[in-house]
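Going in written order, the chains are labelled A, B, C, D and E, and every chain counts its residues from 1.
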Amino acid sequence: MADLEVPNELRREAKEHDMYLHPIDRDTYELFFGPQHMATENFSIILKMDGNRIEKAIVNPGFLHRGFEKLAEGRPYFTNIALLLRICVPESDVPENIYSMAVDEIVGWEVPERAIWIRTTVLEMARVSAWMFWIMGFGNEIGLYTPGQWAAAYRERFMRLYEELTGGRVYHIYTVPGGVRRDIPGDRWLRQLRDTVEYVKGKMKDFDEILFDNYITFERTEGVGVMDKRFALKHAVTGPNLRATGVPYDVRKDDPYYLYDQLDFEVPVLKEGDSLARVLIRRYELEQDLYILEQLLDMGPPSGPYMVQDARLKALPRFKPPKGDAYAHVESTKGDFGAYVVSDGSHKPYRVHVRGPSQSHGVTVLEELLKGARLADVPVILKTLDNCPPDIDR
Amino acid sequence: MIDWKLILEVIGILLYATFMGFIFMGIERKAMARIQRRVGPPLYQPIIDTLKLLGKKESISHGFIYDFGPVFALGASIAALLFIPIANFQLFSSNADLIVVAYLLEVPMLGIMLGAMSSGNPFSAVGVQRGLLTMVAMQLPYGLALIALIQHWGTFKLSEIVALQGAQGWSVTVPALLIAMIVFDIVFQAMLGLEPFDIITAPAEISMGPMVEYGGKHAAILFTQHAVQIFAETAFFAVLFLGGASNLLELLIKQIAVLFIAIFVASIYPRFTIDQAAKFFWKWPTILGIIAVLLTV
Amino acid sequence: MDMNEKNVEEKVEESRPELPDTREGRLVKALIEKAPYAEGSVRRERRVEFRVSVERIHEFLELASETFEMLMQISVVDWIKEGEFELVYQLWSVSESVHAFVRTRIPRENAKLPTVMDVWPVAETYEREAHEFFGIIFEGNPRLGPFILEEREYKKHPLRKDFNMLGHVKAIYGEDFDRYDESKTNYVI
Amino acid sequence: MNEILIILFTPLLAGVLAWAFDFRGVREVIGLIGAAVPLAYLVKLYPAVIEKPVDYALTVGGFTLQFQLGTMSWYFAAVASLVGLAMAFGLVATSRSGYDWLFALMSFTGVLGVFLSQDFIGFFLLWELMTFASFMMVLKRNRHESLKYFVLSVIGAYAMLLAIGILYARTGALDFETIRQALIIDVSLGTIGKGETILLFTLFLTAFGVKAGAVPLHVWAPGAYSETDQSYTAFFSGALSKAGVYGILLIYMLMGYKLYAELGTFHGHLTFAYVIAWIGAITVVVASFLAVLQEDIRKLFAYSSVGQVGYILLAFGVGSPLGFAGGLFHVLSHAIFKGLFWLVTAAIILQTGRTRFRDMGGLAEKMPFTFAMGLIAVLSLAGIPPMAGFASKWLIYEAAIQAHMPLVAGAIFLGSGLAFAYVVRFLYGVWFGQRPSELEDVKEAPLPLLLAMTILAIPNLVFGVAPGVVTGYINRILMGDVVGGDYYRLVTQTGTYNALLVSTALVIGLAIAGLVYLYGAKARRVPVTDTYQSGNPVTEEFNLSIRRNFYRPLAEALEFWLRYSWDRFYERLAKLSEDFADALRQAFYNGNVQSYSWYLAIVLLILALWGVL
Amino acid sequence: MSEIGNDGVISYELKEFKLFEPLFKWARKKSLWIVAFCTGCGGIEIPPLATARYDFERFGIMPNPSPRMGDLFLITGYVTPKTLKRIIITYEMMQDPKYILAHGSCPINGGVYWDSYNVVKQLDRYIPVDVAIAGCMPRPEAVMDGIMEMMRRIEDGTADGWKRYRENYEYYRRNQDELFGEGWREKEARRWLAWI
């Protein structure tokens, strides 16, 4: 036990609390929850259980750590797009966008209006498809497979549109500093997008009936994993989780980027702060996102270039922004997704630091909320917090 | 004197029940897939699965009880089946009554739990805990539904219950027994281990619970057991409330009808937690059961 | 903005009173009045910046936490040429909708500073991460140790600029690492 | 010399001798002989008893104690002797002192005496002997629990004494036959009023309810059952509690008709029987729920005993011959499976020195034989078909449902579900899961204990496959063909159960399943650390068994009900009466001897007036 | 300390069912149960595969949370050493015959993360891969194709990763130990003892 990976302070503390003395702590038992588990996806929680109640939870992330931030320091600015988008798999457009926004700010580019429209649309599409994914995940966690299967199938429609627009299904490598990589394929694509939005909107009723208005969904989520406003702010919980505690903070409203200050949408807020509130908030947000997409389609893409006109872009690998740093953040379905980019004037970023929303609600908050919860609540809490392990690991 | 006819019947029914049980499991998966707008696996998929599990070249054990558990479960399921009148085949049903069958149908659970416990896996242990609490919870409404039935027909014998239903109409046509059937149907959901009472396996919570350590031939035995059990339970339902059957086809139609109710309920409800399930069972189904019982006194 | 040159910082110091009369400007002014040891400036709309010396960082952050409710991230930049780590506390004010960078610098050798877990409990995660990747010790955080990484990588603090990644990978994976050629110095992919 | 005298007093004599010659080896041999003699003589007397009851009268100092070995007495005595013999074998292994032998065998005599007595003098005296002896057994281990037992026993004894007094005042007789006749005649005479009948019934019910451990008088049982030598508990719970049950039967025999005449019927059931049935049903449910939530192996079985005796009360409360048959059968099956359980517990405690589930686990490999015995007991208690426990439970089901007591029958269903739950807790907590490192060198239980277990395990199997053997004898007791069928079949008016066929079917099923099993690949043993832990590596240092709060979800679902406890209620009552007594003492007990004699005189006067009036 | 025995993995006898082997082969092919372990970004393509558009349950494929019942291990993307430990443990828990389908280019040679300090470069050195699908990330069609290839290989008996693992256990074990250090299982497990 000599080379145990625990620092000395800890070991002392453990000794003080009589932790090592017994090989088996008899009153509680340990349950390893994940990573090879249906509910956690590449994430591990070590649960100290008493009966069916959790006494203590320890989060063990890091199964997805690839060292993006180190890798990004070794790759040119534009190559990094292909790398960083892998941080958030269900919404790969979000890391693309924050990185591009930050670089745009450092360089001082005014992104063309058409590109802005496309970026906004792509982000909203990402949000809707991520909600679809979330419905599937949440349904599976509470044992309701039907709406999830439907939702994942609806997501495929968005995937098809993405393929047509960007060429990729999951990883699009589409938004780049200065604009987007390709233009919209044509009006047919816009029509298809509108059809898809209408279609999914029409299916909202099904989801309501089967999932969001289900007696047992209420039973399972009501009063589970409650956090209050103060707790949420202190723990930097963002996104739907924060809005479920009564704080109307939405990056799209409070720090508007792209077209969001021109769009009409509401930020749903609930006060309860329990899992049910988090579920319902997500449901309302899905509705709002569909509405935003409709507005964007009504607005139509402005004409013009889809990429800034800059001589430096001729030799992309050698593209050098000026010295400087910038922080950009967007509202993803999981919360406030931010990136801090530092440039030292060379052709590679000096430092890229990504703030995934799960970093704040996936570790300390999760550990706190799991205390005293039932074992059956673990997946519910995990999924209503919408914990995304790659955010934490990167 | 060896009753060759009976022996042949027993073998025939056992083969039929196992096969149909697998097909029922296939129907379950197929119907679920259709509800989820998928194509779904072929109906005989569970048979392939079981064959594959049986064909595993390796198997692990945690001691004698671990091996004994599934074997005991399958044995008890087969025993239960033999006492249920299957259509026009009476088998042993004149030699045991409803209570015996009801108990025999519960024994497999004990077998599975025994095996699961002996693995020492905490997930299995939580599954065992949940399984037994589900059983405790559902026992009261289940018992009340059976009592209402017995009180109405005045007999414990399954074969007589079938005969009486043939003469006086199905149990469901009696209002009190209709209530009993609703209660029984709720309990039935838990007996089949389907949502909202699939608390025992709960893949997202405890990764299959008691089944988590089973693989290879043990799992194959448990799958066979599940097939026999599903056949026996649906037949039990049909015998008790749907007037039994005079031939296997009629029985099959009734069994599938029963199964479809279960599948539809399962596909639109999430899973309860175990304490919620207990509270639920002791609330509405119990009240309904008491009403049914008092109506039939 | 260049952080490498001291004279720029001095310039910022001189320009302290020239805060614009915007929401952000008033916010910075109010905070600096309470904490005269800090330097503050407005970067752009909804972005403000503070510089605090490491001795008083905890004090300042505690003060700032009244306006800036959320600690979004602790970003560490390894300025190896100057032998310093720059810590950027990214704060967000929900009430004012302003993002603040609170910068402080600590020497690379024996990098230590107090934890802000008592102000924002979420800092525990950020500090664990900063400790793991850069080796900065946050005094008072009980859970510093391998968090995301395994022990072998943890000991090397891989996000430090002096961590030789390709050499490390070569050492571990050997011949599997076939795309690496030691004779080449620059990899542009 | 009469056999009855031998049956009755050999245990006591052996106990005294064992106590006197307290040497290792000697006391065991004497004790074993003492415990074996009653069973041997009962077997010898079996042909005679079937023909006609064997009578014996003993005159001691003016009192004549009448004993009779009728069919029912023989049944109860045989059950008690069987368990007693097993207990003696168990004591050989677990007891190290003559004290235990003395009082264990003394209570043996008491129990036999209670079953054999034909008048209230003998009944009461031996009842008290039994209580005293069992009290002494508890006293040695735990004062507090023994005090609880003592207080409740005294309440029961006073209730009985009072009832006997009233009966004597009314009928002028103490022997059962005369009292029975007198009470039957009294129905038409009406000298004993309705109120007095109810009083008598309540007093007897209290007296016997205490011994049987009926809710709410069960509070002594968990403590007393657990705080004594566990081999003795096999007898304590297996046979001693049957004295209470026998008492309930005595109520039926002595005053059944009178009670029926005075209290009438309620929805077609005898009212007083209905009360007993509900007490039984409540006992079953409450005790089983409490058993499920126990953390101590002895407490679990103590509550389980209480619950199982509840089944018997419930069956007797049904009031139909089938109910009596079921109850009587359950007397036997409870005695054998619960005796077996207690012996298994004794073995576990003897070998490990631990009683709580949190300290145990993984013992199945270390004590395979004990485990097998425990499994038989579990299967029997849970009512798995070809076991004795199922046959008796089946009769009770039939009786309750036939008698149209649906809610009572519902309680049995719930109780059997709970029984499943708590036996599995026992199996899991003790036999499976991770073994604490301290229990690495635990060995199989000693031979006498294994013999004792075997003595009780065999009837579980035999009477399970051939329940007709028992029901045939019960038919004799009840003097009618209550349960039809042959050795293997039980037939009632409405139902049928063929134990042999069920066993055959099970064997067929097991054979088929076993063939499938044998066909598969050869299994390789893996340790507990090589199990599914979501992919994480573990070592034995982690605790992978649920050692505490196994049924916590149930406790949470029952949160509201668990706030109320009979134990706490009595404690509060005791505190209240203590305060009251303090106040009394200050007022009355002023230390003046003369005033004491005055109080005594007043009390006597009141009693005399009441008795006369 | 008790040893976490994985030596037992290789020390059992093979029992061949000669008579029914063709039947079992067919069954193995038709019923591939996936161990629910998404090891990387490729996990995102499993739900589409399981749902209406691609629906792999048509071919008898379904995810199963328990490794004991699983047949097919989908390595869905890059593998970090931390995950690899779990993969090895889970793989050894699966029962023969078992198959590994490596998904995407990362398990083959590191893919995009070729120079990352925390991504295993060549998975085949640590556990035997039967079929690898190229691409980042492979489309569901490609995964289906890979699964079909796996079925073909099961049928003609060339999907023999489990056999290779048993025969070359020393080799694999050595590579694993080289990467993680000796006694990595105990070390990894004990890491949590101080915390609970």
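The working rule: a residue touches a chain if its C-beta (ideal position, glycine included) is under 8 Å from a C-beta of that chain, and two chains touch if they have at least 3 such contacts.
Keep in mind it's a predicted model, so treat the numbers as computed, not measured.
Common partners of subunit C and subunit E, by the touch rule above, are A.
Counted as hops between touching chains, the shortest connection from subunit A to subunit E is 1. The count of contacting C-beta pairs peaks for the chain pair B-D. Using mean Cα coordinates as chain centres, the one most removed from subunit E is D. Relative to subunit B, the chain whose mean Cα position lies farthest away is C. Centrality by Cα centroid goes to chain B.
With centres set at the average Cα position, the gap from subunit B to subunit D is 35 Å. The distance from the centre of subunit A to the centre of subunit D, with each centre set as the mean of the Cα atoms, comes to 63 Å. Centroids built from CA atoms put subunit E at 57 Å from subunit D. Taken residue by residue, subunit C touches two or more other chains at 146, 149-150, 158, 163, 165, 187, whereas all remaining positions touch fewer.
Touching of two or more other chains is recorded for residues 5-6, 10, 25, 28-30, 35-38, 46, 49, 52, 62, 65, 67, 70, 74, 149-150, 153, 374 of subunit A.
Contact with two or more other chains is made by residues 36-38, 54, 56-60, 122-123, 126, 129, 203, 207, 212-213, 216, 273-275 of subunit B.
Interfaces, counted as pairs of touching chains, are A-B, A-C, A-D, A-E, B-D, B-E, C-E, D-E.
The residues of subunit D lying in touch with subunit E in their complex are 521-522, 524-527, 529-532, 535-542. Those residues of subunit D that touch subunit B in the shared complex are 267, 292, 362, 364-365, 382-385, 390, 394, 397-398, 401, 404, 406-407, 409-410, 412-414, 416-418, 420-421, 424, 427-428, 431-434, 489, 492, 494-498, 501-502, 505-514, 516-517, 519-526, 528, 530-534, 544-546, 550-551, 553-554, 556-557. By the touch rule above, subunit E contacts subunit D in their complex via residues 1-2, 4-6, 8, 11-13, 15, 37, 66-68, 85-87, 89-90, 93, 184-186, 188-190, 192-193, 196.
Subunit A makes touch with subunit C in their complex at residues 5-7, 9-10, 13, 61-62, 65, 67, 69-70, 73-76, 79, 233-236, 238, 247, 249, 254-255, 317, 323-325, 327, 329, 336, 338, 340, 342, 344, 350-351, 353, 355, 359-360, 363-365, 392-393. Those residues of subunit B whose C-beta lies close enough to touch subunit A in the complex are 32, 35-38, 122-123, 126, 129, 195-196, 198-199, 202-207, 267-276.
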